[in-house]
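Data first, discussion second: the structure below is written as structure tokens.
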Amino acid sequence: MAAKNLKVDIHHITRVEGHGNIVVDVQNGELKQCELTIVETPRFFEAMLRGRPYLEASHITSRICGICAVGHATASLRATERALDIEPTEQTVLLRKLNFHGEILDSHILHAYMLVAPDFLGVGSVIPLAKTAPDVVLRALRMKKLSGDLCKAICGRHTHPIALTVGGFTHYPSNDELVALRERLEAMRPDVDATVELFQKLSMPDFERDTEYIALHKDEEYCFIDGVIASTDGGTWPIKHYRSVTNEQIVEHSSAKHTHNKRDAYMVGALARFNVNYNQLNSKAKAAAIALGIKPKCTNPYMNTVAQVVEIVHCVEDSIALIDKLLARGIRQEEPVPPGRLSGEGVGACDVPRGTLFHNYVIEEGKIVGANCIIPTGQNLANIEADMRGLVPTILDQPQDKVAQALEMLVRAYDPCISCSAHMLDVKFV
Amino acid sequence: MSPKPTVAFFEFTSCEGCQLTVVDSLQDHPELLDAIDIVQFREAMSEKSDSYQIAFIEGSCTRPSDEAKIRAIREKAAIVVALGACAHLGGINAIRNRSDMQEVREYVYGDKANWFPTYEPRPISAIIKVDAVLPGCPIDRNELVKAVTHLLQGRMPQIPDQPMCIECKLKENVCVYTQGKVCLGPITLAGCDAICPTYGDGCEGCRGTISNPNFQSLREVMLEHGVSEEEIESRLTMFMTNQILAMAKAQ
Amino acid sequence: MSFRIMPKAAVPDWITWLRSRYRVVGPRQLKDQFVFDEINSPDELSLDYPTSILPPKKYLLPPTEELFQFTTKGMHTKASLEPRPTVIMGVHTCDMHAIQLLDRVHNTGYADQHYQARRQNTYLVSIECLNPCTEHSFCKDMGTLSVPENFDLHLTDLGDEYGVDIGSEKGEELLRGFASVWDPTEEDYRHVNQVMAEKWPRFSYRFNFDVTELPDLLALSTKSSYWNELGDLCLGCGMCTKVCPTCYCFNVKDEVDLSLTEGHRVRIWDSCQVDEFALVAGGHNFRSTRALRQRHRFFRKGKYQLEAYGLIGCVGCGRCAAACLVHITPVKTFNELYRRHKQGEAVEAQS
Amino acid sequence: MTTLLKETLDSQSIYMPTPARIVDTVELTDLEKVFKLKLPSGFELNHRPGQFVQISVLGIGEAPISICSSPSRSTGGTFEICVRRVGNVTNAMHALKPGALIGVRGPFGRGFPIERFRGKDILFVPGGLGLAPLRSLINEVLDERGKYGRIIILYGSRSPKDLLFQAELKEWQRRADIECHVTVDRPDENWTGNVGVITTLFPKVTIHPRNMVSVVVGPPVMYRYVLMELLGKGIAEGNIWFSFERRMKCGVGKCGHCQMHHIYTCQEGPAFSYAEIKHLEEAL
């Protein structure tokens, strides 16, 4: 490798959620510095929850992130329900899963089409694409609208859900609405196929780096809510032992904490789920994976977007199956399940679009007294930096702007959600 | 037609959900892209120009260093619109203003309490003059499209000074008070089509109040429905913390 | 006009039959309340309902109504005046009185063609109230407990069948060709008389004075301190005016597409209880306090409409009383004004 | 010739405006502009002084505006309005150039009962923009000057640059058969006239109350003070006339906004005598 000096300083990465900077400093071919800096202001959510009635927690924490608001709300509800000994009904579980699929679809479509695809199509955003490839943009908007409408029917709206509440729902979709959604999901299949075709054509940068992949897991289904924590390095942990997996650490250059489990870093998100839970994907999704040339265990982080496309296929099909189940049972106007106790501690976990999310609450007499939230992007930060350290030496021969672009694309592939990762709390429990 | 107005989006402390709602509104109104020229929108695009006529600012100001950035936007833009509750009211971020700032910092950072130069979250209007507001957490898509239409017509977006109950009744929702829930509808600015009561939950006041809210009478209503003083305070300080604190101070 | 009998068992068929010709709307259940809504299948119709959240007025004066469409360039305009022929089923007698008032309002002075068009295309099938619908209604005081003569058909529940009064040519039209109606027998007439006789005592008077005294009582109460008390209590939420069958004030708005070329002008229900109702450019508000706005509302209901249109502006449906979270009700308000008035007289007499 | 009102009534919807063309605009001040409008051929406005029209800018909205030209001078389907730029519709109007179309409905309201003024002395008291509706009446009276007694005009304005219709004002001040006095609240360096609120002009004129009609139009704050002055001079309550501004959405007595107690200002007004409204608390 030629001795070379290189400095990359990307201020506010674009097409990601929240503010982050990339700093790379190579002197005489030696990597001196390689960091992803989180410059988002801390949001103090855990502190804000203190003293609030437990019913408000999911409404407040959904405001951590506008993109995975349903995910935060669901993890929050699960934490509260476990703390207060509430067992949601089967209908609630089904509706929450369907709602969750809506969010996974919405977020993945946004990321794959509007944030990642422009890189491969040589444009700076989806806006010029509207002129050059209107069919692609309109397809993305169409698919996103259906995902949004799916959320809307169940919880009122995707960004900051309304009807999700502790123990159940405050509103139910009608049978007619579900039937209409099912029809639209079926009609969306050609768009899903076209999405697979599009990403078949985009060739992802060639970069492999093996790491530990962590996701929630259930034997019986491709898991997004509850389950156990599972690793490709082997081992499973109950959700309530999440701390022994995440091992949060404060690092100096970032307002978000880093995590590590068996190695120095691990990855969460669509690729991790794909690697951990491949067997649970439905057949259409598996077929799409073959078509897209991705198989477990895939160690190219750029393939995270491709794994998202596989999940799009899975979620569309599973949504149809879930609606069929709900229709067969018929929607019942259930009152939310009341708490079994008013004090306790609970952990809720979900695999949101960007990876595994944990909410942990301590509740006393119906009021939150302690809270901790561990966000996927926070868990990915150490792994992103490890990838950057691995990537930079392999592309040092390229001009600076190419290096910068490759790094930015790498970070973007993780679909980072920086505003939520800036949560910073020395967890205190009473 | 006159050339398209140039529009830029900025965010400070927020969840970026309002900007996502802007992206979402393209689903029903792709023609938005024909009507305006978006020149800066970090969340969704890499292209960037610093020459713009209309600036939409999302998020609240939570640290002294944001102030200069906000002022710079004001200097460049002819029209500044506050986008969403964080920018309009301080939003959910302002919940922490109920506690002493130093205490919050210590709770969060322990002995490193003074590491981060954050201060009490405040609306954008606390820093600069704001020409118009799109309230809500998140903003309402239809209201956004209407606001853009008004800007194209050369007038300021205006939110009618009407309470939520009006919209709620027009939707023939069953009033959530009759279902044992709390609602700030009678004092909250309408415009979201009473979406929370429509989905079975009481209004949380994310859009701020009408010009003459009758807080006193609403408190009585809540007490009558068995809501404790504590829960009342809690509900009133979900989005309106800054207003409630200002009222308490004035007394 | 004539009187017929329809067995209840035939009603579903009748509804289906009507639906093939008209849009049929009527009371249907929503959670534990009722709303007027389109009836898509006969089982959705609940003729035996207490009251509805919004009155059936919404089909004659929709909450948002397009007045005309326009193009901004060239100023081409087209009035929107093609309502769908609609049968409103199950209108209570108070709401029928309200419609009578709305008819007068919109036909007096400048006639409102939009209202007229809808009204002409509307078939009113009213129903006799045999029991007080809610704890809030006071129709007996307001004289709205029996149906005015504006119905097309009027139903009376006779147990297993409905007595059907045909009030108009349009009413005939709703039955023409429908086989399951027949002429009443002597027995049926006796039955009707009996039902009507039994109904009356079930309703009580709730005013402490006679309604004919109401306009004078109000005139004497212009300066009453009670308005200020109401003003302190009132939330200014406007619900009372949204649910009222005799409120018809509106705002007008233009809506255009994003290319600013085409649009329409709509009118939207407005409320005299909101701050900006009487605000003019320059910031002057001609009814600036909640107290004055409450007074205006009650004067309209109890006095102004009577003087302008010969019909009293409140029909005693009780919807506003049920909606108001701070329990401001016409019965309480009018009785309290009466009490204070009497008290004032007594004090005067003493001194 | 069809009158515009008849066209309005006969059209499918009373809420639908008729397109009129802006044939000329004159900027009077920074805020006020006069628009000369022409109705489609074959139409006449046929208004009375004191009446108003509803002016539409399609896509923005509608606003009630008084007709400021007198019937005697509004022929061939043309008439004038004077518009102050204060908000959405009025701003949009100011942006329109001659040749543009604008929507008109009306004329509405009952106007001033000019035949009852015949043979009497008339005291006009316009304040600010109030001169717009009064100009219609003043010019109508001046065009039949012989039918009236003394004509007195007391005009008050914020500052000299806010004075409306300055050419006509000069003409009125010049004419021997008109007593015209002007005052401003805030003079500039060139102002040599009276300074002070409008009531400071009253001492300048003698009034014979028995044969006097007074017409007062201006901002709401002005009415009470002028009224005291006029009553103090002994003018009969039925001979003191006002024009009222209220929020108006329809102009035809339906929308409810302009109600003062039971009275629809758009129908029974906007011109009222003091005798008619003195018992109405919401009027003054």
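For reference, chains read A, B, C and D in written order, and residue numbers begin at 1 within each chain.
By our rule, a contact is a pair of C-beta atoms (placed from the backbone, for glycine too) under 8 Å apart; a residue touches a chain by one contact, two chains touch by 3 or more.
Being a predicted model, the structure only gives us computed values, none of them experimental.
**Q** Give the label of the chain whose average Cα location is farthest from that of subunit C.
**A** Comparing chain centres, A lies farthest from subunit C.
**Q** Determine which of the two chain pairs, A-B or B-D, is joined by the larger number of C-beta pairs in contact.
**A** A-B
**Q** Would you kindly tell me how far, in whole Å, the mean C-alpha position of subunit B lies from that of subunit A?
**A** So the centroids are 25 Å from each other.
**Q** On a C-alpha centroid basis, what's the spacing between subunit B and subunit D, in Å?
**A** 43
**Q** Using Cα averages as centroids, what's the distance between subunit A and subunit C in whole Å?
**A** The separation of the two C-alpha centroids amounts to 52 Å.
**Q** Just curious, how far off is subunit D from subunit A if you go by their C-alpha centres, in Å?
**A** 66
**Q** Could you pull out the residues of subunit B that touch at least 2 other chains?
**A** 153
**Q** Two or more other chains touching the same residue: where does that happen in subunit C?
**A** Residues 256, 260 of subunit C each touch two or more of the other chains.
**Q** Of all residues in subunit A, which are in touch with two or more distinct other chains?
**A** none
**Q** Each pair of chains that touch: what are they?
**A** Result for touching pairs of chains: A-B, B-C, B-D, C-D.
**Q** Sort out for me which residues of subunit C touch subunit D in the complex.
**A** 67-68, 70-72, 74-75, 77, 79-81, 105-106, 109-114, 222, 248-254, 256, 260, 263, 265, 267, 270, 272, 277-282, 284, 286-287, 292, 296, 299, 303-304, 307-308
**Q** Under the touch definition given earlier, write down the residues of subunit B that touch subunit D in their complex.
**A** Where subunit B meets subunit D, its residues are 153-155.
**Q** Residues of subunit C touching subunit B in their complex?
**A** Interface residues on subunit C, with respect to subunit B: 30-33, 35, 53-54, 63, 232-239, 242-243, 255-260, 269, 271, 274-276, 290, 323, 325-326.
**Q** How about subunit A: which of its residues touch subunit B in the complex?
**A** 12, 14-18, 40-44, 46-48, 50-53, 56, 59-60, 63-67, 69, 110, 114-115, 118, 124-128, 130, 137-138, 141-142, 144-145, 148, 155-160, 162-163, 165, 169-171, 255, 419-420, 424-426, 428
**Q** Within their complex, state which residues of subunit B touch subunit C.
**A** Interface residues on subunit B, with respect to subunit C: 1, 29, 31-32, 34-35, 145-146, 148-149, 152-153, 160-163, 165-166, 169-170, 172, 174-175, 177, 185-187, 210-212, 214, 216-218, 220-221.
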